[in-house]
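To keep things simple, chains are lettered A, B, C, D, E and F as they appear, and every chain counts its residues starting from 1.
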């Protein structure tokens, strides 16, 4: 019933997502839309962006038809509800290792009885129109996507239990942290990466859920890891990197041809 | 010894409180004062407002003679001290279910030996004048009001123990969340609401503490729930709703008479 | 060729506009949309709002299908281009009294050869996609609406010349300032008001332009002033007033029924 | 009829004013109050502070019983009304050299018929309560203080004409700029300084207005310049300098005694 | 005596400058430095960035050894001094057409007797250490670079007079606006462009000043325009465009290889 | 291998640190540098400063050659990584009482395998240049300083175990909170203070780590507490206090000499 999850399930083409760390204006969101992205990930784990800015960017993304995830800082439970109330469409929670942690996050994202998201009456998605809980809660629960990042061997080991948690929609494989944890930082060809993805994809698939493979920028390697359960949501990069690459390319052009 | 609690104990008229979610300038605080409110509740649970803005609004409220509560996000322990240091008069903590949770919050709000609020020497209430702990701590402890929201059946079940916690001044009944939890979202006439309020009022009363009934906008229903222990602190509404209502009324006026 | 002007020309119903002074988040824009408004006026003349916030609100308004005017501070020429570049749809310039002043503002809003708006290649309306001037300029010029406020007898006296200025789309009658200037502050029934509106409406009509009557909140009085040239763009009020009215109503409700 | 001007006229003790450049929170205003200051000057000429911050600091100052001037940037006419609307009590305009410039500024600060400050209905000083122009305008005009800085020989030469301008309440002698202009930067003992102050004091006195001598930090020199027309408003310093002095003193203490 | 002008005079390689419009954090400045840029241009003409942010970015640029220009909005005289006081190294003033306009800007950038920049005692470049005017003024005047943009045929016609103005260090040719003005938007091969650059280069050269050719991104065309008086300061692009290009490239990569 | 720790180990003179609570612009950092400080402590425990501002101040400090600590709020685990990613050099964690708490904080500050700081590729210290984990992680781990505040008898009792935790570089004795906890607020001469410092210094020394004695402003008392393990890092004071002291001194000067 969630449009974005439906898209991920049925897409034959990559669904593109741009991560935001350095930007503070909505320019980056408009650029994401204009360059063919379908989603943004506002990265609060690796930036010092305020929640007010994050909510504003997310709301603009939604206005433009993009799905807006927020990656929340570790263990900041309170931020989850605040961001959802502010118009964020989905939560990406880092470093989940157990079903208990998974349940805590999932429950923060769903209203009673499935969870314990705190009741409110007005949200950006409804134009701040006061709306009865009986109507609002179901609609928001349906619209919200919960993705949990599995970034450690411990998390992979618990994949089946984590995927089984009610309210979890997607798993995400965090290749950067995973390879660092196994002592092979950045070596995405390591067979343990392949096996971890297999384990996670299978766990997700069995529960009718999806796996996103994140942190790998090489399309060929991503194709190798494609399998049932893996969805085509692709992180194309971070605004910081894109700006760096653009600045470097322009500088080189003028230096070489100066 | 706390002036606001004294007012709540002795008031025969409603004591009015306005909740703030959408505003970021002090205009809303001045409007609260000019329209006869006695308190504001800065809602950090359901907004993405920054702490800097929250502290600024709270300090202005105090300058104008209003009592300023901040409703803190769930499980953000660190925010409590920061807000109190910034001039917030009272803390409203959501979703308290056990005496242990209550004690954690109460201790965050009181200096040693009653609690473990971190020592500082300068606060807005004292004009940032360096003040010895021996003088500052007692004054701030007296001035601070701690309200714990009971929003679930589990919390109601533990009402007596929660009310007994040292440093807790008030309980608050969260009607919105409570009715959602019991599967009757928004049905404030439900007898379980009546019973919950009775339980909480009685628990508070026995400890010489107060209960605020929140989330119910109908004065008649509030009158029915009045009883020993219940104080007349009334949440008149949220800035977001008030702005919505005002905009809708003006639009209708021009549309109908246009 | 401008969609909003077309709407104003063909509308049989009031076209509603909400003014923004106190708000700093986009909540007010969503509320405007949800309550049936078709436009917002971001009031930089009577607020201390930053241009960054103004541009953000305007861009959100456009995303939601609302037309976004910015009322610029007097004599701040530089702000006009910055706001237009940031996504504002229309400029409302206060206290215009001569054709020369009118021309200065109109030229700031149009690219060469009609004006001297500074060339750029990327704007929010085009998703920040680099766009050749040959394509961008015409589109932006068409999309931009320039409204000049006539708020003084001197301005009324020069109405014909002002209305004749190329690049001016609308006149606005500023009833508040006009009545203050003539020594009858707030007396919108004064016959000089009627005559001023007639003069302005006639001047606008002769040039195929429109007149908005602003500052009058009484629909009946507005109907009396309706005539050829007058368009049905209605300022329903300011966020500040709407919030004040809402807070007062809620306070009264609880006080009377407390 | 203006309370602050009355105080300046009748004070036998210095009336202390603290200038704000580096601060962005209201801490500096509370510190000003707690250390015996009676006024603050928010310096927008020599800082990049936003108008929103300036208005917020000014409103807090007023709440605490301090008079709040804003020194506006040169030639930013539009900022004057925005700041006054935001709660600033007085305007200090730099580098005024002619009666025409003086009249432009004075008129921006007064409502019709004395000036052309744009009409509004809600201001912080009135709790944002909608107030009829007939009542609001007189009260705000009375409460507003207009001080013009004379910082050049040209300005001194025109002192009589400038002081005669309706709506001007005070002149200010800018010793720093004046001595720089005469080629003796920082030499406040220069006889041309004495003569300039005599000219300005006399011009002010003849019109029943006041002169503040600014930029001179030496109380002895200030006493020498005391004469009819000179008021005891003293700029004690700027937050930047005070912070610098405090940091240097502390560093020295630990270094010497380390 | 100005280090940056010396570099421009002696450089055999392009000196690279990155323009900033979308960014609000210093990330962009660090990226500029890391990618080999030597200067940044903070574009306040085509953005809604606040002065506080602009000053912060400029100060960081200086800390990193980059020269920081601010392009100021048209006709915002007051912003010039505020930006220089906040740590901006150079001012780029758009659309200068006459020697009188040139002189107004140049005088705003220099202390007396060369200009009328308002005296202050503490600036970021000196660590906010209070510094006597006799020492501060000369150092700041030497460090400040004033560049005037000639963007119209009228400006080109007055090139000699503009270049002769004391306090002007550089002319800048604005190719985008110039080609729009002559009815050939974006046609940088137009012979009128060649002639305008010749006129400006010659005017600058005769006065020992420099010309920057801006708005042309093609190194080959820039080489054609190289001649005595033209300096190798190259605008590599704007953060907005760089981010757009980076996002588009990444999206294409994943789409093609997805 | 850490330059700042090396300096602390070899310094014969006090190493000065200034705490920041009230400031929001980098002026305070420049003042710290200009007055001979070597470090700043951005105090997020006792202020409402945003992470964005904190990171900006820290990055400027690093640009100027100062070491930048952030004191994080209690129990806000997620803030640690965000601040480090934003350019903070060291973390000061308040109220650590057990080795388990110490390990949690230390692991948040170190990359795998020593800890679980989340992997990223671009940081301000490297100019946001994408850098392989194999290179980045070691460099950042070396550069990061972790200081744990022991502020309670319970913490002192566990000093040996806390000092033994891998990844902890320094202990800090919090004299203000400690004396409040033992019922002698502000009595830094209490023999329990002496004993606590001895215990902590000894525990640190045995592990090759350092102890900073904080909260005591009297150099003589600090000298008494000097002993092996104690490093000469001195907190000279807080910006708030320095501003207060400066404002009070200036006010007194003008009042006495007025």
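The rule is short, and it goes like this: a contact is a pair of C-beta atoms (placed from the backbone, for glycine too) under 8 Å apart; a residue touches a chain by one contact, two chains touch by 3 or more.
A quick note: this is a predicted structure, and the numbers were derived from the prediction, not measured.
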| item | value |
| --- | --- |
| Angle of rotation relating chain B to chain E [CA atoms, steps of 5 degrees] | 180 |
| Chain pair showing more contacts of the two, D-E and A-E | A-E |
| Identified repeat of the B-D interface (over half of residue pairs identical), from B-C, C-E or A-C | A-C |
| Geometric centre distance via CA averages, chain F-chain E, whole Å | 40 |
| Chain C and chain D, separation of their C-alpha mean positions in angstrom | 34 |
| Contacts with 2+ other chains: residues of chain E | 22, 24-25, 27, 31, 34, 50, 52, 76, 79, 128-129, 240-241, 244 |
| Touch-based graph of the chains, sorted into line, ring, star, complete or other | other |
| Chains touching one another, given as label pairs in label order | A-B, A-C, A-E, A-F, B-C, B-D, B-F, C-D, C-E, D-E, D-F, E-F |
| Interface residues, chain B side, partner chain A - complex | 22, 24, 44-50, 72-76, 79, 94-95, 151-152, 174, 176-177, 179-181, 183, 185-186, 238, 240-241, 244 |
| In the complex with chain E, residue positions of chain C that touch it | 50-52, 54-55, 76-79, 81-83, 85-86, 111-113, 116, 118-122, 128-130, 132-134, 137 |
| Of chain D, residues touching chain F in the complex | 13-14, 16, 18, 21-25, 27-28, 31-32, 34-37, 219-220, 223, 232, 234, 236-237, 239-251, 253-255, 257-258 |
| Chain D residues touching chain B - in the complex, by the definition given at the top | 25-27, 30-31, 33-34, 52, 56, 59-60, 63-64, 124, 126-129 |
